[in-house]
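First the structure, in the form of structure tokens, and then the observations on it.
All chains are identified by letter, namely A, B, C and D, in their written order; residue positions are counted from 1 within each chain.
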Amino acid sequence: MSLFKHRMTVRDYECDMQGVVNNAVYQNYLEHARHEFLKSRDLDFARLTADGIIVVVVRAEIDFLRSLRSGDAFDVSVAPVMDSRIRLAFNQTIVHADSGEQMLRARIITTAVNARGRPYLPAALQVLLG
Amino acid sequence: MSLFKHRMTVRDYECDMQGVVNNAVYQNYLEHARHEFLKSRDLDFARLTADGIIVVVVRAEIDFLRSLRSGDAFDVSVAPVMDSRIRLAFNQTIVHADSGEQMLRARIITTAVNARGRPYLPAALQVLLG
Amino acid sequence: MSLFKHRMTVRDYECDMQGVVNNAVYQNYLEHARHEFLKSRDLDFARLTADGIIVVVVRAEIDFLRSLRSGDAFDVSVAPVMDSRIRLAFNQTIVHADSGEQMLRARIITTAVNARGRPYLPAALQVLLG
Amino acid sequence: MSLFKHRMTVRDYECDMQGVVNNAVYQNYLEHARHEFLKSRDLDFARLTADGIIVVVVRAEIDFLRSLRSGDAFDVSVAPVMDSRIRLAFNQTIVHADSGEQMLRARIITTAVNARGRPYLPAALQVLLG
């Protein structure tokens, strides 16, 4: 199975007073790439939400290796792996497009919660691991 | 002179509890398109800032006509016009890529401030009107 | 009728590469103060939304007079005025808490849209003008 | 040594299409509380940055236990601990003000980088552990 990658570019409003991308913004990048990955598998996060399938992040482990700056192009990779019977993990990296340097490495663990707030892994998500 | 346009797509984290793009996010879109316009003219906002040329928005007039939703592709246009001797205005629109409907119309008025905080129009920006 | 004011403080992540609050963030401040104003009148924006009363901003006019910086305390004022039969406007200012200087002045025009997307002014909002 | 806590309230623009605070926003909350903690010790992040002391997050481990919603008041705690000779960690929690429930638990590991990009622990930060 080939690795899913999504190309993005830093926007100036994402940079903070240090002149680099603010830490919290990387979570936005990682989330956006995961949702694009879902779309590549014919799953739409907004439609899942509207259908009452509430997918949530339960744990994030993020290593910030180098800082992205204004205008930098970068690729966000997404690799789903089983974490437990009810948890789906995504191994993700952010790689600088020009230099090929790894800027960030993350493991994002997700599950879904049903109407009574109990975690489960919907069939819709299990198919991602196929 | 042909109109500058920049294509973007709504990201899920930009949507709010109403399920549509939050109002403030449109200002991010408009700013990003202006900075891309500058780049198309060999001007870089981050470099201008680093060089001490502080370009600021002094007034924004924004008509929110329709709401963008998750995954919508849209074009942000940028047309610079002289507003006064020291002010440069940008007429901008956001148009839905699929339907061609105008979603937003804005007039963003900018100037630069020098080291003593006084407004002026740097030569670097005057060239945009040429 | 006394003016509604809400005190806030600039957070570092709201500042951009120029070291000042990014323009789009002021719309967040203005929105938050309007929602606090609603709460002071026993109206809750999230509950209105959940109840299907979709209040939207149709036009924003914002004059950026001075820039807020890291740690600055400021007051956001909210004064509702009738704009038309179906539009409610909010005159708002942002005033620096220490210096008393006006940093921003805005007129935010809102309406509500019903299930068929037609604008109307719900009774819930008309009471704000009382 | 008593635990540092900073009280905040969810703002509506911080909620996403699921009607809860977006994951990335929690990193903003955690960062803001750390900077308020620094201020309580007479350290100012913006001034450190202006003085060339670039403090960066190198790793974040965040457990999202429960979701904050519109209007929820919460306390963000900050407890600094030594992580290595050149790394300072912050153990942080977010606790719902009304219910006392823990919503989030995090370990944020930081260091500073000098002008040549090498990590070090400035004396200014070592004092936090005293």
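We adopt the following convention: contacts are C-beta pairs under 8 Å (C-beta built on N, C-alpha and C of every residue); 3 or more make two chains touch, one makes a residue touch a chain.
Every value quoted in this text rests on a predicted model; they were computed, and no experiment measured them.
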Chain copies touching (chain B, chain C) - same or different residues, decided at half shared:
same
Farthest chain from chain C, comparing Cα centres?
A
Pick out whichever of the two, C-D or A-D, is joined by more C-beta pairs in contact.
A-D
Intercentroid distance (Cα basis), chain D paired with chain C, Å
28
Approximate Å spacing (C-alpha centroids) for the pair chain A, chain D
22
Would you give the residues of chain A that are in contact with at least 2 other chains, written as numbers and ranges?
12-13, 15, 17, 19, 24, 28, 31, 46, 70
For chain D, which residues count as touching chain C in their complex?
11-13, 15, 19, 28, 31-32, 35, 39, 44-46, 50, 69-71
Chain C-touching residues of chain B, taken from the complex the two chains share:
17-18, 23-25, 27-28, 31, 46, 49, 54, 56-64, 67
For the complex, give me every residue of chain B touching chain D.
12-13, 15-17, 19, 22, 24, 70
